[in-house]
Structures are given as C-alpha cells and as structure tokens.
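Next, two complexes with subunit A in common: one pairs it with subunit B, the other with subunit C.
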Partner chain A sequence: MTAQALEQRELAVVIGLEVHVQLETATKIFCSCSTEPAEDEEPNTRVCPVCLGLPGALPVLNEAAVESAVKIGKALNADIAEDTRFHRKNYYYPDLPKNFQITQYDAPICADGTLEVSVEGTRRDIGITRAHLEEDPGSLQHKGGSIDTADYTLVNYNRAGTPLVEIVTEPDFRSPQETRAFLAKLEEVLEYLGVFDATRDGSLRIDANISLVPADEVDDDGSISDEALEAANRTEVKNISSHKGAEKALAYEVTRQKNAIKRGRAVEQETRHWDESRGITVSMRSKEEEKDYRYFREADLPPLQVAHWKEEIPIPELPDARRERFHTEYGIDEESASKLTSTKEVADFFEDVAAEFDADLAATWVADNLLGELNYRDMHITDVSDRLDEFTRLVELVDADEVTTKNAEEIVLREMLDEGKDPDTIVDEEGLGKADDDEIGGFVQEAIDENPDAVEDYHNGEGGALNFLVGQVMQKSKGSADPGTVNQLLRERLDE
Partner chain B sequence: MSDTPVDADEVRHVAELARVDLDEDEVEEFAAQFADILGYFDALDEVPEVDREDELVNVMRPDEVREGLTQEEALSNAAETEDGFFKGPRVS
Partner chain C sequence: MSLNAFITKETLDGSDDGPLSGKTVAVKDNISTEGLRTTCGSAMLEDYVPPYDATVVELLKDAGATIVGKANMDEFGMGTTTETSAFGPTKNPVDESRVPGGSSGGSAAAVAAGEADLALGTDTGGSIRCPAAFCGVVGIKPTYGLVSRYGLVAYANSLEQIGPIAPTVEDAAALLDVIAGPDDRDGTTRDAGADSNYAAAADGDVEGLTIGVPTEFVEGADEGVEEAFWAALDELEAQGAEYREVSMPSVEKAVAAYYVIAMSEASSNLARFDGVRYGKSGGYDGNWNEAFARAREEGFGSEVKRRILLGTYALSAGYHDKYYAKAQDARAWVKQDFDEAFEDVDVVASPTMPVPPFELGESLDDPLQMYLADANTVPVNLANLPAISVPAGETDGLPVGLQLIGPKFGEETIVRAASAVEN
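And now, the complex of A and B:
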C-alpha cells in the first residue's frame, strides 16, 4: 500500500460468496430418512441412529446427492475431481448431534468453474472456486429469550442430515447488485437441473465475505492482486437467505465499512450477522478459528471416484442457451424470451404450445397472459402444473376463433384461475362462444334499424358514427362478435 | 511427541472448544494426563508395518426412504425433553 492514507483514496468493493444449496433428494445425505417435512410435523420424527449421531451408527452416502453435485458441477463448467473424500469438521454445538459435521475439505467434488452474470447489460464471469457436499445441522429454538438470554434450548433433528452443496465463489463481485444477479442466475440454473426447490423455506443460505480495496489496485479486467486483497480487512456476513437480502445486507456493509474508513478507523476483521428485520449487520463473537475445526478424514465413508459421471449424467439445456434459442428459433424478443425461460416448467410449456399453434400466439399467451395473471395473483406456474392442458385448450379456442381474444383474456383466463373451472365450461356458462356471421348480421341490421340518426351521420361522413354503431353491435353480441368483422359488415350494409 | 508436554493454555483452549468448564487444578491434572496419552502414541511406532487392504471406493445407496425411529424412541435416551424436542441449556 502506498503512503497515501486509505481514507483519501477511491475505494472498490470486493465480495465473495458461499452459497448453501439444499438438494432436492428424497432422503438425507447419509441415511434413509425422508427430507420432506410432513405438514405440521412433530419434532424428531424424521430421524434414525445415523442422523441422531448414536454410537456405532454408520453413514452411507446417498447416490442421488452425488448425482446432483455432479450436475451442478457440470452446469458451472467445473471439474469433477478424480478422487474426492469426506472430512469431519469438529465443533460443539447442539444442532450437531455427533459434535462434528461431515463435509468435504481438501478434496471437494467440484472445483474451478464459472457462471456468467449480466448486470445492466454488462456481462461478467464469476469464478467458482469449489462446490462440495455436506450435511445440514438440526434446528434450535431458544426458549424464553434471544440466543443470549434464553432460559434453555429445544432441539429438533428432523433437518439434520439434509444434503447441501456449498458453492464457494472467487472474490469476483464488484458490487452488491452483482451478487443479487448471480444468486438469481444460480437459482435459475439449479432449478433447471431439477436439484433445487426455490419455494422451500431455507433452501438457499448465503454467507458473504466483503472488503474495500483502493480502486487503483483493480486492473481493467476487474482482477485484484492477492497482496491488495490480503492487505484489506474483510468481514464475513452470515444469515442471508435470499438474493434480495444479499443485495441489502451487502449494500449496508459497504456503507458501514466506507464510513469507518472515512473516519480514519480500521475495518475490524470479524464475523457479522445480517438482521433482516432491522436491516443491519451486527458483530458476532466468533469462537473458532479454521484450525480449531480439527478437520480429519471421515474414515466411515470411502472415497468417491465419479469424474466419469460428468460424461454419463445428462443435464438439460440451461436457461441462457434456451433464451438464445427462443430468440433465434421463434423470433421472440429478449424480454419475452427471458420471461419464457425463467423456469424450466414455463419454458417446456411454451414449447409444447408453440409446437401446436403459432409461436407468437404461444408467446403472448404464456409470457404475457398466463404469467401476468399468475403474477397478479401471487401464484406460480407450479401452482397450476396439473392444469396446463386447460390453458392449452384455451389457446386452441382462441386459435380456432371460437372465443374472442378479449373474452379469452378478460373472462375465461381469469375465471379459470379464480374459480378453478375449465375453459369450455366458462365459455358455455358465460355464453362466450363467438357469434357466427348470420347472428352478427342480425345484430347489424337491428343496430341500423334502431339508430337512424347514426346512419344519417354516417352518410354525412361523420367518422364517429360508425364506431358508435360497432359499439351497439358489440353490446348486442355481449362481446362475442369480432370487432373487425362487425366493422366490415356494417360498412357493407350501410354502403349498399 | 512425549518430549513436548501439553501446557496449561493448550488444555484450556481444547476445553473451551469442547465447551467443558475446567477448574485450575483440573487444568493441571489434564495437562499431565494429555502428556501421558500422547506418550501412548509412541507405542504405535513399534507396530510393524503391514499392507493395508485395498480401499473401497464409491460405496453408495439408492435414494429410497426407509422408516426411522419414532419420536419416543428418538428421545428415549435424552436426559430432558419437552414437547417432543430434546431440551438443553442456553447455547450462546
């Protein structure tokens, strides 16, 4: 560092993330207990000798957890280690029944990957240092107060042993916004892989390391020398549980560190806890140092040699590639393509509809109408997974001109979502079947007979008169007539 | 190993990691015991070398749910319980 004081130099933000992802397997990572909480389940009912850490119980690795980790590694362009093993991380805390957590230490299953993020049109590759498998601890309740003041602690081991993958990034983020974009992107990729459920509580947990370095230490390509990183004190922020939370927590932490430096104080190297409800980070006493974890090999679990799985296990087309293909193959604009690829289920549904009907019609119906109405109701595509054929039927009705676009959007789709009825029932009940031309012809004649003044105005060249007559016909048909057809029929009749 | 005896500070540190509260005289007592225990490891140097068995690799099980313990069974060895939870002291 130069002689110039830190408080007078322009500062750049350096952030690295550790993301804990809960894997969607049926069973825990080292035993056959279910990972799926029953509704209102009782504590300590999804447990066995292994996840309770009873003496003599032997862990056996869940193949599906390893497959998920390989898929994640593949999606992040990471190497899958030829030889990977498990370690015991020792610390005494009642959420760990064995007094150690089985995790991976010096031989993680995935290493050296990247994930591209885009913030305000600028694309950057974020380096992935490693991703490893580990077990989740149980959950604690502090009774009669906060963690510091509680009278006692209640422990539930239902969650203990749930498989996690911890993804560790390089310190490549230069702003809190980038971390949010990265986490959203990561979630999207994980969801496509089918290894992760974003709607599950606590399925994504984030720790962030953050420091400020002099801006002139940052090279044009965004890289920073190890010396500059070493010289800066960093804080580790724990307890972040969403992408929005990450951006807020880190924005807070940037301001806090900048203020400390501006006042000529050093940033303390420490662990801080993100308090979501108060929107601040608070200092946490940290008891252990890295060496205190006394990592040693988990002798109960033989090593894994699964590098060849990378070739054997297929992964689906990932969101970026699919977005690009939707753009080129179907000619869909970027915004709609983004909406349509937001989850794999939406993208698959769009392609099903587009295969049967016109791609533009499918894009409008899935991206704008269906997702728009779902969003308005705070619903998600997964809430209507078993009714997608009904939406396809609605598009079919529109495509076959059996119901007008307006009625389909404003009445049928909304009633489908609000009342759970199928489209044919709604069309019948509401009498929305598109009027045939004979019927419209009748309405046209009625409108002409009933409105001689408007007819006269029309012949006198008043443009508004035709619109008035179209409106009259539309009213008579209860909206089931096509305005274009009405317009044309009226002109023909009036100009005879 | 036995010629670098464990000092009192190391004993206190290990006790803290294990969340064990030791009195001063216990610290002295454990320091002496640790030195003895480490001494026993020297005996391992005298064990003749043997070839180890071929190492197992890729031992995994299918992702199929199996019945575990009931809540009653799970809690049966616990000193204290409450409403189906294990009960313990404050943990800060």
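And now, the complex of A and C:
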C-alpha cells in the first residue's frame, strides 16, 4: 500500500461470483426421487431413505447429473478432470439431512473455463475457476419471525438431493452491471444446453464476493495483482436469486463500502445477507466466526473418470455462435438475430420457418409478429412449438398473397393464439380470403352508386374524395381487397 | 441366566423356500430391518424403526432364513467387548464372566450358545473376527465391496463390511454365498466374486497352499494364544500347506491409522443424530446448536463421544494434515505391504486376537488397551481385504481364533484354508 490513504484514492470494484444452478435432471443426484415438485405438494413427500439421510442409506451417483456438468464444462470452455471425486462438507444445519453436504472439493469435475460477456459494446472474458457437482439441501420455513427470531422452524426435505452445479468465477467483474450481463448470458447458455429451467423457483442462487481496490492497482487489461486483492477486505453477499438482484445487491454494496472507506472506516471482512424486500445487505457473521467444514473424501461414491465424455457428449450450437450464423447465413440484422436466438426454442422455430420461406419474411414473422404477440399474452414459444405447421401455413398464405399482411397480423395470428384455431379455419370464418378482381369490381360499383357526392367531388378535383371511396370499398371487402387494386379500379371507372 | 445376546427378540419369517430355509439368523442391530427397531446399541436410536430393509436382510428373507432377533453390539460398533452397548453387556457363553468380544458380540454369542443357527455381524476393524475368536465360532470379514452396505448404519464407511458368523466354516461360507454380490444401491459393490461358490470351497484341501506369517502379528501375543496359533499352523503343514515368515513393517502404524480414519468418518456419519429426527428431542432451551448439543450429550455413550470428539479434531483445519492425511498415507502403506506379501504367499495367518477374552469390566477403564487389542484385525480393513477367524484350540479353557487373510476377493482361498483348520 502506498503512503496515500485509501480514502483519498480512486477505487475500482472487484467482484467474483459463486452461482448455484439446479440441474434439470429427471431424478435427484443420489436417489431416484423426482426433482420435479408435484402440484400442491405436501412437505416431505418427495423423499426416500437416501435423500432423507436415513441411517444406512447410501448415495448412488445419477449419471445424468454428471452429463449435465460435462455439458456445462464444454460450454464454458473448461477442462473436464481426468479424475474427479466427491467430498463431505461437514456442518450442522437443520436443512441438511445428514448434517453434511456431499460436494466436490479438491478435484472438481470442471476447471479453468471462460465466458464472454458484453456490456455496452465492450466484450470481456470472465474466467471460470471451477464448476462442481453437489446436492441441494432441504428448505426451512421460519414461523413467527425471521431466522433469528422465529418461534419455530419447519423443515421440508422435498428439495434435498436436487443436483446442483456450483460455478465459481475468477474475481474478474469490474462492475455490478457486468455481473448482471454475465448471469443473463450464463442462463441463456444453460437453457441452450437443456440442463436448466429458469422458470423453476430457486433454480439459480448466487453468492458474490466484492471488494474495492485502488483504481491505479488495476492494469489496462483489467487485471489486478494478487497482493492488491489480498490487501482489500471483502464481503461475501449471500441470498441473491436473480440477475437484477445481483446488480442491485452489488450496487448497494459498492456504495456501502465506498462510504465506509470515505469516512475512514475499514470494510469489515464478513458475510452479508441480501434482503431483497428492503433492498439492503445485512451482516450475518464476521470472518472470524467462519466455519471449518472438515472436508474429507466421500468413500460411498467411487472416483469418476469422465474426461472422455467431453468427446462423447454433444452440445448444441451456443447462442453467440448461432447469432453470428443467423447474421451471416440469413443476412439478418443484429437486433433480429438477437431476438431470434434468445432461446434455443425460438431459434429452432425460426430455422424451421426459414427453411420454407425467404429468410427476411421468416424473420419478420417470428421475431416481430409472433414473439410480439406471445409476449403481449405472457406466452412463450414453447406454448406454440407444436403448432409450427399452422404458423408456417399462415406465412404461406401471406407469401402467396391469399391473405393480406394486415389481416394475417391483426386477425388470423391473434385468433390462432387466443382461440387455438388453425389459420385456414379463421380465414374461412372471417371471410378473409383475398377478394378477386370481379368481386372488387362489384364493391367499386356499389361505392360509386352509393356516394354520388363523393363522385362529384372527385370530378371537381378534390383529392380526398378518391381516398374516401377507397375506404368504402375496403370496408365492403372487410380488408380482403388490395388497396392498390381498389385505387386503380376506382380511377378507371370514374374516369370512363 | 440370559446372555443378553439380543437387544430385540422378534421373529421375521423369510420366503418358504431357499438355501437358508429352516435356518435361524441373528442380525446385528446396526443392520436396518423394516418395521423392527434398529438401535445400533445406542439410546439415541432406542425408538428408531427403519422404514426399509437392508439389502442383506432382503437377501436373507429371499433365501428362506428366519430372523430371530436383533443382536447386541457395542454402541454404533465402537468397542471390542460389547460392553459399550446402551442395553447392557453380553456374556460370553463359553465363560459367562468373560466378554464375548465385539462389537458383534451379540451375534457371536447367539451362535455359540445355539440361540441362532447363524448370524450377521459387521466388521469395521475386527468386529466380526474378534467375537468369533472369543466365542469359539467362525466369522468372515469380506473384501470391501463384496457385500452391500445398503442399510448398514455407518460407523466408518470406508472400512466396514457385513459378514457371516457361524458354527462352521462351511455354514459361514454358505451364508456369505447368500449375501455377496453387487447392489445397485451401494456404489462401492463390485461384480468380482459374485459368481463364486464359497460353501463349495470349504473342502479342506490345502495341498500346496503357501501361508505367510508376519512376525509383527505374532510378537507380543499372549503365550497361550501363540502356542495355539503355532499348533494350528503345524496342523496345516501336516495337511500339505507350507508356511514362512514375512515382514510387514507398516502394521506398526495400523492401529493409529485405523483409529484416526474410523473416528474421523464416525464424526461425520453420526452427525445426523441431532435430536431433530432421532433420539431425545425437543424441550431444550436455546438455539439449534445448543439443542443439538444437548440431544447428543444425552443420546450418546462415552465411547461414542470420545470417538466423535477425536475424529472431529483429526479433521479440523490445522490438524487435518497432521492426523487424517497421515493416516491415509499409512493406509496406503499397509495396502502396499499386503500386495507385496501376496506376491509370495496365498494367505497371511495370525492369531485373530493377541489375547484371550477379557473379564467383564476389565477393559472399560482403559480404552487405549482395548484399541491395541485390535492390532491384528485392523490392517485387514485398512487394506480392504477378506479375512476369516476360525477356532484354533484353547488357552486355559478359553477359545483362540486363527485369522487367515486373503487377497482382494480371495474369499474362496481363505474359506478353503480355514476348513482345513477344522479337520
């Protein structure tokens, strides 16, 4: 540390994350209980001797969880360990059925990866230290108060044994915004891999380590010496459950730490709890009280050699690569390409539509019309994935000029989503089939016959009269006429 | 007078037909039995009734055996005499002033007294072989991974196996045939040995068998025990085997390594008994940690507390490398010594216990003395090997056991050799 006092120096933010991801496997990590909560599930019903930690029960590793971890490792450009094994993390807590957690310690399944994030056009690689498998504890309900003041606490082990991957980053984040961008990106990648369901409650849980270091200790490439990192006191913020929450909690923590330093107080090295409802972090325990977890090998689970799975287990094209390909292969602008790759399901849907039509038409219909209407209805692409044929038929009707774009957008698509009908039925019922020229000719004659004043105005050179008559014809055709054709036919008749 | 061999006496009938039909079996009380309380000899689990059967219990029932009760044991398997049981000591049927050995003392006493035809015990550091030797019956500690541990309440899970206790080698081997084999519910079980026929191996044919005798295992044994041991080896030699001395310097460290590892694992395995779901629960003032501490203070006996405290210490930051890590190194060394020995010999022999059965109450005040009595049995668990204890004469009217150790999954070899000792 230089002679200059910390409170007078420009400060830079240093953040590292530990992200717990619930894996979307059918069964729990060490038993065959389902990971999927039943509707209106009673507490402690989705359990067995293994996930309850009954005396004598033994864990048996779920291969699907290991496969998911290997996929995550591949997507994060991480190394998959030649030898990986499980340890026990020993601590007494009522949500732990065995009063230890089976996790990984000195040989995590994935290590040394990266994930690129982009904030306001600036791209940065965030280092991934490790990603390891572990079991989720049960959940606690504090009755009549918070964790400290409750009259009593209820334990529910339904969640116990859900497979988790804990992803630990390097202290590479330089702002709360970057953590949010990283978490959004990570979630996108995990969903593409099909190992994660963001809609599940508690599927993503985040702990963040944050400290402030003198800005002049940060090199141009964003790196910071280990000495500077060691010198700074950091806090660990727990109980963050979303990207937004991470940004808010860390922004709060940056301000809190800066204020402390400004007032010449040291930042306490401690664990803090993010209170989402109050928007503040509160102290949980100081570093001195930190636990000794007495890690040691879990002998009930034999070591694993799964490095070769990296070659054997395929992963899908990831969002960045797909975005880039949509841009180059289909010539789609970046904004649409981003929308179309927001989830794997949207991108797959688009590519199925684009296989049949011009890419621009497909992009407009999927990225703008469909996603817009779905979003308005709080629906997701997965709600219509099985209606690809109907949607393709709608685009085909437009492409073949059989329905006007306006009717297709405003009537057919909306009714498809609201009433679940197929496009041909809607076109029939609503009489939206494009009118032919004879039919339009009839409407034109009717409009002329019914509006002698307008005809006279037209002949007197009033431009608005023609537009009025076009509107009359369009009304009669219920929008099924092409306005250009109507315009041309009216002129021909009026000028005869 | 009752021997107090059983904690719970209740009959569970097996299927109508099977290799064990008509046989009665005592099951050590740390092996889970659905609907029948499983106490592990502890007040903590006095009222614990498992909702499921251990794999070996399912296998016993399928084989037609009739379970006649849950056998007494040292609390959670922590003892060499069955005196640490919360349900009182078991007496040795050979001499009721003596202990039956432990921790599977109830199982061995029941078989020796004819209260059961057969028994299941468990062996973490000698807990089958010691009581078999003290009660004059046969006990087999299988290779780690031969018998499923699913349903065995863990004491030290990297060391222990369930195994048979029986009046004869052939009966013990036949029971091993029933319980051996891989189990989807125990990831440490192996296919090796699944197709063996252990009972058929009890043919007494030791022609050409080479027996190694580690000097370290014989030195320091009680004089009468040593005499009986050498007499048994001479008898085997007369039947066509040959023996030679081998050296296994690592075994000097085995007892220390064993206790550090077993206690460390125990400190974790027994953590779940916190009064919330088991044991004396409720009514305590204070926070969770205080309530847990009270429940554990009341529910555990002093030997269990001693081992949990020492194990917690050995795993703690700053001591882990000094104790736990060193013990693992010693364990690897013991394995290596055995590997080397088995390059030259087929089986390794020793007295099972260096001493005859203790008097009741004699060893309770001196835990270290009790730990040292395990010197010949614990190396086998450290090396994951199979071993059998077979009666080999007497000293002052008390039984002496001969221990025969085999290479991994070499159960047929030790059964064959032990059956010759009975001849």
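Throughout what follows, the second predicted complex is superposed on the first by the 462 of 496 C-alpha atoms of A that agree within 3 Å, B and C clash if a C-alpha of one lies under 4 Å from a C-alpha of the other, contacts with A are read in each partner's own complex, and residues count from 1 in each chain.
Note that a residue touches a chain if its C-beta (ideal position, glycine included) is under 8 Å from a C-beta of that chain, and two chains touch if they have at least 3 such contacts.
Just so it is clear, the model here is predicted, and its values are computed rather than measured.
Visitor: Quick one: on subunit A, after the overlay, do subunit B and subunit C clash, or do they fit? Just give me the call.
Guide: They clash: once the shared chain is superposed, the two partners overlap in space.
Visitor: Is A:C33 in contact with subunit B, with subunit C, with both, or with neither (first, second, both, neither)?
Guide: It touches subunit B, and subunit C stays clear.
Visitor: Looking at the overlay, does A:Y376 come into contact with subunit B only (first), subunit C only (second), both, or neither?
Guide: In the superposition, A:Y376 touches no partner, neither subunit B nor subunit C.
Visitor: Who does A:Q305 touch here: subunit B (first), subunit C (second), both, or neither?
Guide: first
Visitor: Once the structures are superposed on A, label A:K98 by its partner contacts, choosing first (subunit B), second (subunit C), both or neither.
Guide: Touch partner of A:K98: subunit C, not subunit B.
Visitor: Does the superposition put A:P49 against subunit B (first), subunit C (second), both, or neither?
Guide: both
Visitor: Using the superposition on chain A described above, determine whether A:T25 touches subunit B (first), subunit C (second), both, or neither.
Guide: first
Visitor: Tell me the contact category for A:N62 with respect to subunit B and subunit C: first, second, both or neither.
Guide: first
Visitor: Clash with subunit B: which of subunit C's stretches 163-171, 253-261 or 343-351?
Guide: Of the candidate stretches of subunit C, subunit B runs into 253-261.
Visitor: Taking the contacts subunit A makes with subunit B in one complex and with subunit C in the other, which residues are shared?
Guide: The answer is residues 49, 60-61, 90, 92-94, 155, 292, 301-302 of subunit A.
Visitor: For a test of understanding, state which residues of subunit A touch subunit C in their complex under the given definition.
Guide: 49, 53-61, 88, 90, 92-94, 97-100, 155, 292, 294-297, 299-302
Visitor: Can you tell me which positions in subunit A touch subunit B when the two form their complex?
Guide: Contact set of subunit A toward subunit B: 25-27, 31-34, 42-49, 51-52, 60-66, 90-94, 140-142, 147-157, 287-288, 292, 301-306.
Visitor: How about subunit B: which of its residues touch subunit A in the complex?
Guide: On the subunit B side, the touching residues are 16-19, 55-66, 68-71, 74-75, 82-92.
Visitor: Tell me, which parts of subunit C touch subunit A in their complex?
Guide: These residues of subunit C touch subunit A: 30-32, 38, 40, 45, 48, 50-52, 54, 149-154, 157-158, 184-188, 264-265, 267-268, 271-272, 274, 276, 278, 288-289, 292, 312, 315-317, 320, 324.
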